[in-house]
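In the two complexes below, subunit A is the common chain; its partner is subunit B in one and subunit C in the other.
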Partner chain A sequence: MTTAQISPDDSRRGGHTSPLDGSPAPSRDARRNHRSWPERVLGRHPVGILFGLPYAVFIAIIFAYPLVLSVYMSFHRYIFTAPGVGVPRPWVGLDNYRTALSDPLVRQAFLNILIFLVINVPLTVVLSLVLATALNSAIPLRSFFRGAYYVPYVTASVAVVGVWLFLFNTDGLVNRLLGSLAPNPSWLINVHWAMPSIALFVTWKQLGFFILLYLAALQAVPKELYESASVDGASKWRQFRSVTVPGVRHATTLVTLLAIVTGANLFTEPYLLTGGGGPDGKSASPVLVLYQQGIEQNHPDVAAAIGVLLVIGVLVIAGIQQLLERD
Partner chain B sequence: MIALGIGAFLFLFPFYYMLIGSLQKRKNPSLAGVLPNPGNMTLHNYSQINAAISLGRTLINSGIFTGGVLLCTLVFGVLAGYALARLQFRGRGTLFAAMLLLQVVPFQLITVPLYVLIVRNYGLSDSFLGMIAPFAINSTAVFVFRQYFLQLPPELFEAARIDGASELRILLGVAIPLVKPALLTATLMTFIGPWNEFLWPFLITKQHNKQPLAVALSNFITTTSATAQNPFGAILAGACVLAAPAIALFLVFQRKFTSTDIGSGVKG
Partner chain C sequence: MRAATRTIAGGLAALLAVGLSAGCSRVHAVDAATAKDAHGPISIWYSNNAQEVQWGKQLVAQWNQAHPQEKVTGQEIPANKSSEEVIGASIVAGSEPCLIYNTSPASVPTFQAQGGLVALDDFPGAAQYIQTRSGDQAAQYKSPDGKYYQLPWKTNPVMIFYNKKIFAKAGISTTNPPLSTYSQFLDTAKKIVASKAAKYAIYPAPSSEFYQSWYDFYSMYAAESGGSQLITADKAVFADQAGQSVAQFWASLYRQNLAGKEAYNGDSFADGVAAMSIVGPWAIASYKGKVDWGVVPVPTSSGSKVGDDHTFSDAKNVAMYASCKNRATAWDFLKYSTSEQADGTLLSVTGQMPLRQDVLGTYAAFFTKNPGFKTFAAEANRTTEVPNVPNSVEIWQSFRNSWSRSVIFGRSPVTTSLTDSAAAIDKLIRKK
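And now, the complex of A and B:
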């Protein structure tokens, strides 16, 4: 469903250059009558096949085949073997899915990611839109501010995780500042605060990227709309609500979708910030459980089932979001 | 304006603190520890992290990994982007559709089968080839290239073809020189990916001398850091080394890193 939503958008934007049928009109008719057979079979520029081949092979080997294999694994009993060693891989139907869903850790992980998304996605959309709007107006030090918000995004998660551990430690700077207001046990080892802390971390880390997306979208909002709105006496807040927000609607859809996908991919932060998904599995993410099941505990078939469930979950959430935004 | 300032402070402070923390002789989490204190400053943390995970070796590994991805993306990505924008051939529609589909296939779905294939079937664990393979061609970059090639006037290409130039010659002599900004954008966008990537190299490298810095540092955080004298200092020193190249590159090219390029790239 997401693809269907994206591809028409693309052909609309590229419409004047006709992305899928880019042949210039004048010579087309003349050529059609005299096409030789390779031209008919391979197209007008057969060399394109050669140019596109490495990319096509990459897609086939790295994405298409593993995708099919993933679904296959999730319906079979699959164990790791040395290359060439034949073992039976019987069809087990939904067994792997049943195993996955009856595991309380897996269920907890899916619940955790929902908590994560409920905090992260609205926060990301609101903060990045507001900050992008502020950065889009003529203010002093604009490029400094843009840079400041962008730095966490370009930095490796593993690197900034180090500082956050330092800041949110039991005797870290944040707790020193908060004094008795600090949660006990501290943020990342607190069953209630572990997942929200991770959600805040990821919001902070990714915000720059989403600000950039909104900045691009804001360029496309016609200036005249703001002018006529201010002539009509609309306040800044009113202009933001009636001109900016509707003007960047497509970007909001994209930001929401990307934030959901980023959230579903969550692995590094629970693994490093909370020592492998603690406390009590309260910060484990589905990808973390998938890693533990598939690679640490040697159940790649169950892990594949978790992967398929996760993707179905993402598609369902994205679908609901699409329906909500339609009206 | 004030809100922006507070926000910028919240975004930059951790990086400042990272640097301060990496220079502290003893961990000082109190408020006074925020300011540099000459009596408590040392470069010892850097030598300590270097002794634990060999910064030089892991930086070279990160460099090979990132360089390999960049090279493949630039060479094969430009070829594919040009073909998708300017050449008519059988299968172009399919390739274009596959590219769009790729942007929504979540990597986590294929993590396990890809691990099975690359590690178990092809025996590529602890190898740069296995590390690079899943990221070899960045589809977002292909999309950016295609968009730039589409913006060039078609007459340019027709004229070159009438002059009898081969497509490769047209690409190298006419098209690429006109889309140099796209090459820079794609390079910056692609660089961040493998340099910061953690999960995949973490999965397939077990030997220390093949691990990129991000993986080695995370292993230090989760296992050996307890044995170090000032573990946080050592972690933050490693973090500074890992963060510096990406931030430096970004600061140098910030002006080229424009919102419209990224926007058009991701909208794919």
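And now, the complex of A and C:
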């Protein structure tokens, strides 16, 4: 009785014997060679592509095409025109980037957003994790607090900004409570405090969403780990450090990334809270400047350069964060 | 390999979809030569304030009754942060209507550069019609190529509204308040704040939008300089003595906390937070029943007088847009809507001044019946417009940034800030 010899290589690639006659089954390459070309291109279940296609088209139209177009615009002289109006759009190399970076307001805006991220991102991660942990345990009025933290997130920025203006203006509640300790000029018109105030505002407004992400992640942390830690005599703080934090690591990555991306896209808050990036541009964000240049002044080429720089900046920060996390 | 093939196939399919959707949505340009003489239905946009909507609906209904073959469809301009953004986006999309009765003169150079406007001079007798209707003021609305891409329609001469109740509380005359010169204005402002009759004397928006300086700076610069524009003969002129005086005046108000520096969520004048406001005649209807107001011209260093000073026009004009297929009808409707009769309706319904010669004399009956508007009408023939130059919005943004830094927040000396700003704007004028 002879047995078919299966080379280790075939085995590794999934080669196996036929269950009926014991003869070697055709290898994957052999099977592929016998398929028709539509099957080779579209796979054995082309209907899957149909299901996936709408989202692929959505991504292509809403994200990929504008991104590619903005990179194109950033290297050309470009203005928005009416249909059929032919204007030359010559290649200008890095001119738009030079124009953008030589504008003190643009440089200030990038510095501002860095200050914003340094305050907002760590604060968001820490507060949302701590609050989610608290809301995940058996505390009185748990459902109420869960809802309460989410309210600012779903409330229109315009309305919430009104409340903060009331709280943080010169005669606002915060300054009244602080008395002589209140900064002069007040928070939102103070060159040192305007951007940190916005960072605090955004942290508070978005906290509900990030708490929700952490709450979902906390459900996946096995209860047994806490029980074991407890049996081993670990304090609550130790359990938090050694069980909760590692247990929600992937959520932390997501929260950090989302906080960086949404923070880098800051627009509404400086537009409304500090009168369009005041005082003296100290709370202007790159997206606010981009809007002024691209939409108001019809310089979409320079605006595109600012946008590309912003994307690169976010990718670099996110990359560094990923590297640090991996280590 | 197979995965890569499939990814490429998916990518190609997506690209095909993008191409197809772009192809389907491509808008073809209107043939200008054919459109110029074409009659037929048109659409128009007007402003979304209640009075102008009423005026627009009334006018459209009247026209449609008389011209059933050339039906006009009117609608409010779609809501957005500003009308200019909506118009700019619709030009690019090729979806703008034939006429927009809310075209800001500052945006005309941009719309023109986009190829979004029709030169009205293309229609026989158009230039003459515009000049006869608006007189010498029409020249301010000519583009650098010598053509009219906008019909000067209505003006809102900017003046100072004051709250009589607050003035009375501060012990200031409510019939003849001392607000004519800068020193009088400052003294009055100090009295208001010191008496705690109001938190601030005046509260122009301290925000960074490019157009905010039209109200705080430009109205007073026009008055102080005798009607000079920001730019004359392709040169920024506002750093002159007149500009310096105006800037120093405002810097004093801010330095002494007589004017608010923070964003205000609401209407500071209606709420009684500020005793004065810089407004046009539209404010009469807006503050009716809310504030017992009085009105005076903007101050000058040597003293202002009703009917003797210049101010910022705050005009809104009508422009014809490139997507219009029936331009002959659009031009006919444009003339119809700016006739003496239609302008009279505009005045009586909205209280805004038609940008035509001798408004006071032409509509004497209206002003006898509504004396509150007389003061504004007296200023209407001496209004100064924003300069019609390329990069207009960028120029005003540059000015605003400099104004915020030096005048509002006191972070750089006013004198050098104005000269530096003028130098920066000179560069923008030359920028192609």
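As a working rule, the second predicted complex is superposed on the first by the 266 of 327 C-alpha atoms of A that agree within 3 Å, B and C clash if a C-alpha of one lies under 4 Å from a C-alpha of the other, contacts with A are read in each partner's own complex, and residues count from 1 in each chain.
As a convention for this text, contacts are C-beta pairs under 8 Å (C-beta built on N, C-alpha and C of every residue); 3 or more make two chains touch, one makes a residue touch a chain.
Please read these numbers as outputs of a predicted model, since none were measured by experiment.
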Practice task
Using the superposition on chain A described above, determine whether A:Phe240 touches subunit B (first), subunit C (second), both, or neither.
Solution key: neither
Practice task
Examine A:Tyr65 and indicate which partner it touches, taking first as subunit B and second as subunit C; both and neither are also allowed.
Solution key: both
Exercise for the section: Look at A:Leu254 in the shared chain and tell me whether it touches subunit B only, subunit C only, both, or neither; answer first, second, both or neither. Expected result: first
Practice task
Check whether A:Phe267 is in contact with subunit B, with subunit C, with both or with neither, and answer first, second, both or neither.
Solution key: first
Practice task
Scan A:Gln292 for contacts with subunit B and subunit C and give back first, second, both or neither.
Solution key: second
Practice task
Report for A:Ile189: first if it touches subunit B alone, second if subunit C alone, otherwise both or neither.
Solution key: second
Exercise for the section: Could you let me know whether more residues of subunit A are touched by subunit B or by subunit C? Expected result: B
Practice task
Return first, second, both or neither, reflecting whether A:Ile79 touches subunit B, subunit C, both chains, or no partner chain.
Solution key: second
Exercise for the section: Considering only touches as defined above, state whether A:Tyr149 meets subunit B (first), subunit C (second), both or neither. Expected result: first
Exercise for the section: Check the residue A:Gly43 against both partner chains and state whether it touches subunit B (first), subunit C (second), both, or neither. Expected result: both
Problem - Contact residues of subunit A, present in both the subunit B and the subunit C interface - result: 41-43, 49, 52, 56, 59, 61, 64-65, 80-83, 161-162, 165-166, 169, 171, 272, 275-276, 295
Handout entry: subunit A - residues contacting subunit C, complex
Key = 32, 40-43, 49, 52-53, 56-57, 59-61, 64-65, 79-85, 87, 105, 161-162, 165-166, 169-171, 185-186, 188-189, 191, 272-281, 284, 292, 295-299
Fill in the blank from the handout: subunit B residues touching subunit A in their complex are 1, 3-4, 7-8, 10-12, 14-15, 17-18, 21, 29-31, 33-34, 76-77, 79-80, 82-93, 95-117, 120-121, 123, 133-134, 136-137, 142, 146-147, 150-151, 154, 158, 166-168, 192, 195-196, 198-199, 203, 214, 217-218, 221-222, 232, 235-236, 238-240, 242-243, 246-247, 249-251, 254-255, 257, 259-260, 262-264, 266-268
Fill in the blank from the handout: subunit C residues touching subunit A in their complex are 2, 5-6, 9-11, 13-15, 17-18, 21, 26-30, 84-85, 88, 91-94, 110, 113-116, 199, 205-210, 261-265, 322-323, 391, 393-394, 397, 401, 404-405, 408-409, 411
Practice task
Please give the residue numbers of subunit A that touch subunit B in the complex, ascending.
Solution key: 2-3, 6-7, 9-10, 13-14, 17, 19-24, 27, 41-49, 51-52, 54-56, 58-59, 61-67, 69-70, 73, 80-83, 131, 134-135, 139, 143-167, 169, 171-173, 176-177, 204, 207-209, 212-213, 215-217, 219, 254, 258, 261, 264-265, 267-268, 271-272, 275-276, 286-287, 290-291, 294-295, 300, 303-304, 307-308, 310-311, 314
